[in-house]
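My structure is below; once you've seen it, I'll send some questions.
Think of it as A, B, C and D in the order they're written, each chain with its own count starting at 1.
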Amino acid sequence: MSKTNLTRRGVLKSGAVAGAGVALPTIFTAQSAAAYTNEPTGGSVTLGFNVPQTGPYADEGADELRAYELAVEHLNGGGDGGMMNTFSSKALKGNGILGKKVEYVTGDTQTKSDAARASAKSMIEKDGAVMITGGSSSGVAIAVQGLCQEAGVIFMAGLTHSNDTTGKDKKANGFRHFFNGYMSGAALAPVLKGLYGDDRKAYHLTADYTWGWTQQESIAAATEALGWETVNNVLTPLAATDFSSYIAPVLNSGADVLVLNHYGGNMVNSLTNAVQFGLREKIVNNKDFEIVVPLFSRLMARGAGANIKNIVGSTNWHWSLQDEGSQAFVRSFGTKYGFPPSQAAHTCYVQTLLYADACERAGTFNPCGVAEALEGFEFDGMGNGKTLYRAEDHQCFKDVLVVKGKENPTSEFDLLEVVEVTPASQVTYSPDHPMFAGGQLGSCNPGA
Amino acid sequence: MGILEVKDVGKNFGGLKALSDVNLSVAENTCHAIIGPNGAGKSTLLNCLVGKLIPDTGSVMFDGQSVLGRSPHEINQMGISRVFQTPEIFADLSVMENMMIPLFAKRDGAYRLHAVEKVSNERTLIEEAERMLDDVNMLDKRGMHAAAMSRGDKRRLEMAMCLVQDPKLLLLDEPTAGMARADTNNTIDLLIEIKEKRDITIAIIEHDMHVVFSLADRITVLAQGTPLVEDLPENIKGHPKVKEAYLGEAH
Amino acid sequence: MDVLITQILNGLDKGSAYALIALGLTLIFGTLGVVNFAHGALFMIGAFCSVFLQRLLNLSFETIDATKTDFLGNPLKVKTPYVESWFGPEMGGAIIDWSVPLAILFAIPVMIAIGFIMERGLIKHFYKRPHADQILVTFGLAIVLQEIIKAFYGANPIQTPAPEALSGVATLAEGIVYPVWRIVYFCFSVAVIGGVFAFLQFTTFGMVVRAGMADRETVGLLGIDIDKRFTFMFGLAAAVAGLAGVMYGPINAPNYHMGMDFLVLSFVVVVVGGMGSLPGAVLAGFLLGILESFASMTQVIELIPGINQIIIYLVAIIILLVRPRGLMGRKGVME
Amino acid sequence: MFGLDKKDTSLLWVVIALTMLAPFILNPFPTGSGMAQFNAGYPDLMQRFVIFGIFAIGFNILFGLTGYLSFGHAAFLGVGSYSAVWMFKLLSMNILPAIILSVAISGIFALVIGFVSLRRTGIYFSILTLAFAQMSFALAYSVLTPITNGETGLQVTLDDPRVLGVSATADGSIPVTNLFGLEMRAAYDLVVGPWTFTFSVGYYVCAIVMLLAFYLAIRIFRSPFGLMLRAIKSNQQRLNYTGLNPKPYTLAAFVISGMYAGLAGGLMAAMDPLAGAERMQWTASGEVVLMTILGGVGTLIGPVLGAGMIKYFENIFSKINDNVLHSWFSFLPDGIEDFIVLVIHPFVGKGWHLTLGLIFMLVVTFLPGGLVEGGQRIARALRKKKEDEPKSPSTEPAE
């Protein structure tokens, strides 16, 4: 242990590093004596929170970080305990994880797979993190998941919606709580049918990268099953800022629904442009023209302002949910920070608790033990009803929310209203579904 | 038949006739001066000789080969070196490095990827460069940054860089412009020495008549893009046409 | 056909932004010889001028509405902008509604001031330095400006809606509808471009600057204090970029890195137009905007997949190889 | 020694010493102490230092010597990475064939792009290279996904063929990159009192490659070829009239520096078998430009220093959060502690970009020659103090 002249309080607060000092960073060490990567041997355990702190998703990253800090506080017995009180598993006692105080380190993914991996590596190699979590895009999630598999630590994905994360790129050490493109499609389709009928012509604008494609594929399949026709699918460059040249052809295409498979800044701009071109006032084929944004995020919706009113989409979670777990989380988050949490914050908070709980139940931090405890784990009280962490692909199956932009928001946070809670059974698919085929989970890697 | 044969060369810039019907023959191992008032087309003619400009009409033959359509580096490899009106040297390099580059060009041709040999191992070339520097009294400045030198030194360096290539034809574009009297005399002495010691042909453009008459074996007077007269220096002096051409010029 | 016309309109609209930014870049490059990587940041700051004004006008006092509750179940605090309480809800509402056009008045002095400060405080020390140094210092400045904006306004886009009266679509002809604000933006940028050209053409000040662009040393020899004028040119270029940004807000919600998105493109525009040529920059801006719009049509993408991703760069490469000086560059200038 | 003169030899020895002892030098603070946050001696970052050092050394051969400012060099790095990962997928996890292929492919790529771009000079050349690189990035991100795996980046998977290796190890994992069996991720921890020093195989492989690259760069700088390149930067007209054709020289320099970039890309993939498209984005190209200018254009050691500095900020400063700040200043009274944390907060963690931007501005304003000039000034000041007499500054333009 280090001998420095820090005060007692200093030592406690710098515990993250102090913890790492005891748990020597033996990662990737061929001659390691430890049973697994970064086995915590002192009084604390270090988690790595890898979120976008710069770049376009920095606000989501900041919200994720708030959720992580809250989760750590709760795990260590601080605050009001949040969801720990409503969680169906009672293994967590508020004394850290397995009696070890929870410390954390943070890093910046920059929403680039390279930078995200570098940041995650430094947490594993330098700070001795035993679990990595966070991120706000699928490319980063898949890249970091791959790294964690190689390094022998657990990866608890943050916000990642691509089918591939638990599809062709699934990994034994990686777990996703967030929902995916297929689930969005499955949840949205019946609602869309109810709202807009089964005779619709859809025009898709799709962000030209992996996430966009998988989501477009999912939504098109789900809506076509209802009887909708997909008129066109146009791929838009990720770097596009002005979507006018993609929106204009929609006007004369004969389509009566526009599906925007965009996220983040792309979504804000394409939606704004679509509204600018008067699509919402248009009447085509004697029907009101409609716009659908399959993946909604409240933080992003704020950027789109009044344009999101009445626009339907799906989301993983929303703070207005009335179940016990959600309310508990919103209360502790809102009390601490003064505003309600986003879906990204929710998923990150839950992932941290789920990880801690799995360690407690497994009695070890060994990734293989933790993975075993998470696989097939069923729980409740975390906001989305009864949830299953499926063993075959490490995907959570839970209720999915279909939401729409609120007509008369009462506050700057009150932008979405829940239209329907689609039950988990309706969004469940078989592990060998063609949209998820191609990859192998592999076997868990403890790293040593 | 001279080493340099210019026949019926004409060059237009837009509507402006810069050169027309220029005929010039420079005999081997002589010094040929081209004089004329400003705007007479002296520099245009020079640029046509070194490949910077391509004449619209006529031919330029050097040593029995046409230079037209060749790029400057090819023409240099044929044996023509040029000294500019304002010294063109490698200002960011040292004097010695400035000297090494023409020597490499002479030995290795227009291009060779000698990326791992060492400049400092080229003993013969270094000695050659040092001899040349000694000839121009610059050996003591060999390590100096070229940009830091005086204008006169830069000129001498440029001259040395051209001479070290041992060219068949040396083109001098006002080599003493802006020089102090003493420096000008030094340059004249140097050029005379070179002329005597080496087999070299020199073509010189000059305003300073003192320089011209000290060096030239033959003189061509250019006016408005055409040769006025070509003759021996003693005949040019006091030639009525020349006086006429220079009339109004403050020289 | 209708689609083609709409795409041309789209192209002109995109081109407006490119042209305005490239115009400023060319002014700075042409007069001062400075490669300004912070020019995109000036565009961004312009856009945030309207965000700032919108926030300022929306400064509110809170009253508690006991009948409603907020997300934590406490009584809801209702915010009323001061402007509305001073001028009445109607007038106040209208002022807030028109915050983007109002921001023009606000942005002009702010941007000129920023331009002056930048030039006097930093850029002036870099006139004689290599382009690489200019790139490094202005890039550093761009990062700093971005981060400052991010610290205040966050990373997410912020809506700055157009006034109610200028939103919606206009029917230009049978079957051709186009958003009103985009038409306003195009007209606005034409007016600004026209203004800059008229200024350079018809004022003595402009004449000196144009002479300075052509041959700086000679103008200096005439004993004209070109430095002062160049400082003003920097302010003017900043103001043009800022105005482009202010009015761009309603088209796409401003965010802190929007400047970087435009930076590379506008450099390409400047070079395609011909370094140091103002008409070239404008022409290239509109041309590339239109080509980009055409390239994103389904029919074209089906023909050449991915063309919409690379069209601008492809055109730039072809033009530079075929016409080394760019579209309207003069021989010997900035070659 | 090594066919270098005395000065270069001692520079090389310094660099050898620094790279070989990096695990000690970069970990000056005891592992448990508050200052350990500033330690950079963990394998990933050390590898990044030397890999980006290689990238910058190569870039400097083009930019520093010839003055041609390429804004598209990241494309070669990206191409190198993709080639290497494809070798890992198809052939074997041995890094040697992968690196050879990445250097070769990026060399060919550079030859094509250089041949076209070098028809223009100055800012036109910069924009041409930028355009090529941006096209490569945009296509790699979208249309070329079958080759590049788009946004996610190309990764090795369990069902790759790997004809000379195994698709999966016995325990069902993806095999690890190695050099004839020596695993890149293997490491040895040396614990000395409170200190821990990590010696990583991957790092030493990169470091040796970097030393070779650095040595080659010195040779190029001191060669007739290097002299020609500097002459191109200095006065292309004179070079022409001296009988030399600048085109093949610049093209050779472009290809060599492209191959250096490819080598760096290949090594990156060898250390961490993933190739992301962002590696090719213009910001990545801009980064190497900034590294070179920050360190000192045209100097031998400058680019390496610049690369180290930027990577240090990216990886160390971005990880300092409020929690860490509070722990540093906890010895102060609460009010002052909070105040200091408040003042520092905008510059670290998510504000690391701000600090980097400020450093760019300060360095280029006050040290026109980059960090190397800073070092020279300090050295000169020290010498002055010692001898109390001014010494003329070295006239050697490249050191």
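The rule is short, and it goes like this: contacts are C-beta pairs under 8 Å (C-beta built on N, C-alpha and C of every residue); 3 or more make two chains touch, one makes a residue touch a chain.
Note that the structure is a prediction, hence the values are computed from the model and not measured.
K.L.:
What's the farthest chain from chain C if centres are computed as the mean of the Cα atoms?
P.N.:
B
K.L.:
Given the two chain pairs B-D and A-D, which is bridged by the higher number of C-beta pairs in contact?
P.N.:
By number of C-beta pairs in contact, A-D is the larger.
K.L.:
Taking each chain's centre as the mean position of its Cα atoms, how many Å separate chain B from chain D?
P.N.:
Inter-chain centre distance comes to 46 Å.
K.L.:
Measuring centre to centre with CA averages, how many angstrom lie between chain A and chain D?
P.N.:
Roughly 33 Å, centre to centre.
K.L.:
On a C-alpha centroid basis, what's the spacing between chain A and chain B, in Å?
P.N.:
Taking the mean C-alpha position of each chain, the two centres sit 74 Å apart.
K.L.:
Could you tell me the distance, in whole angstrom, between the mean C-alpha positions of chain B and chain C?
P.N.:
Chain B and chain C have C-alpha centres separated by 52 Å.
K.L.:
What are the residues of chain C that contact at least two other chains?
P.N.:
Where chain C meets two or more other chains at a single residue, that happens at 309.
K.L.:
Tell me, which residues of chain D touch at least two other chains?
P.N.:
Residues 138, 141-142, 353.
K.L.:
Kindly provide every pair of chains that touch.
P.N.:
A-C, A-D, B-D, C-D
K.L.:
Can you list the chain A residues touching chain D in their complex?
P.N.:
For chain A paired with chain D, touching residues are 1-4, 6-7, 9-10, 13-14, 16-18, 20-22, 24-32, 53-54, 58, 61-62, 104-108, 112-115, 117-119, 121-122, 125-126, 137-139, 142-143, 146-147, 149-150, 164, 169, 208-211, 235, 237-239, 439-440, 442-443, 445.
K.L.:
For a test of understanding, state which residues of chain C touch chain A in their complex under the given definition.
P.N.:
Those residues of chain C that touch chain A are 2-3, 6-7, 10-11, 13-14, 17, 68, 70-72, 76, 150, 154-159, 161, 167-169, 175, 177-179, 181-182, 251-253, 255, 257-258, 261-262, 292-294, 296-298, 301, 308-309.
K.L.:
Provide the residue numbers of chain D that touch chain C in the complex, in ascending order.
P.N.:
Against chain C, the touching part of chain D is residues 63, 69, 116, 119-124, 127-128, 130-132, 134-135, 138-139, 141-144, 282-283, 286, 289-290, 293-294, 297, 346, 351, 353-354, 356-361, 363-365, 368.
K.L.:
Give every residue of chain B touching chain D within the complex, in rising order.
P.N.:
50, 71-73, 76-77, 81-82, 88-94, 97, 100-102, 104-106, 108-120, 122, 143-145, 161, 165
K.L.:
Any idea which chain D residues touch chain A in the complex?
P.N.:
Chain D residues touching chain A: 30-34, 36-37, 39, 42-45, 48, 138, 141-142, 145, 149-153, 155, 157-159, 168, 171-174, 176, 183, 185-189, 191, 194, 196, 198, 200, 272, 274, 276, 278-279, 314-315, 318-319, 321, 323-324, 326-328, 330-331, 349-350, 352-353.
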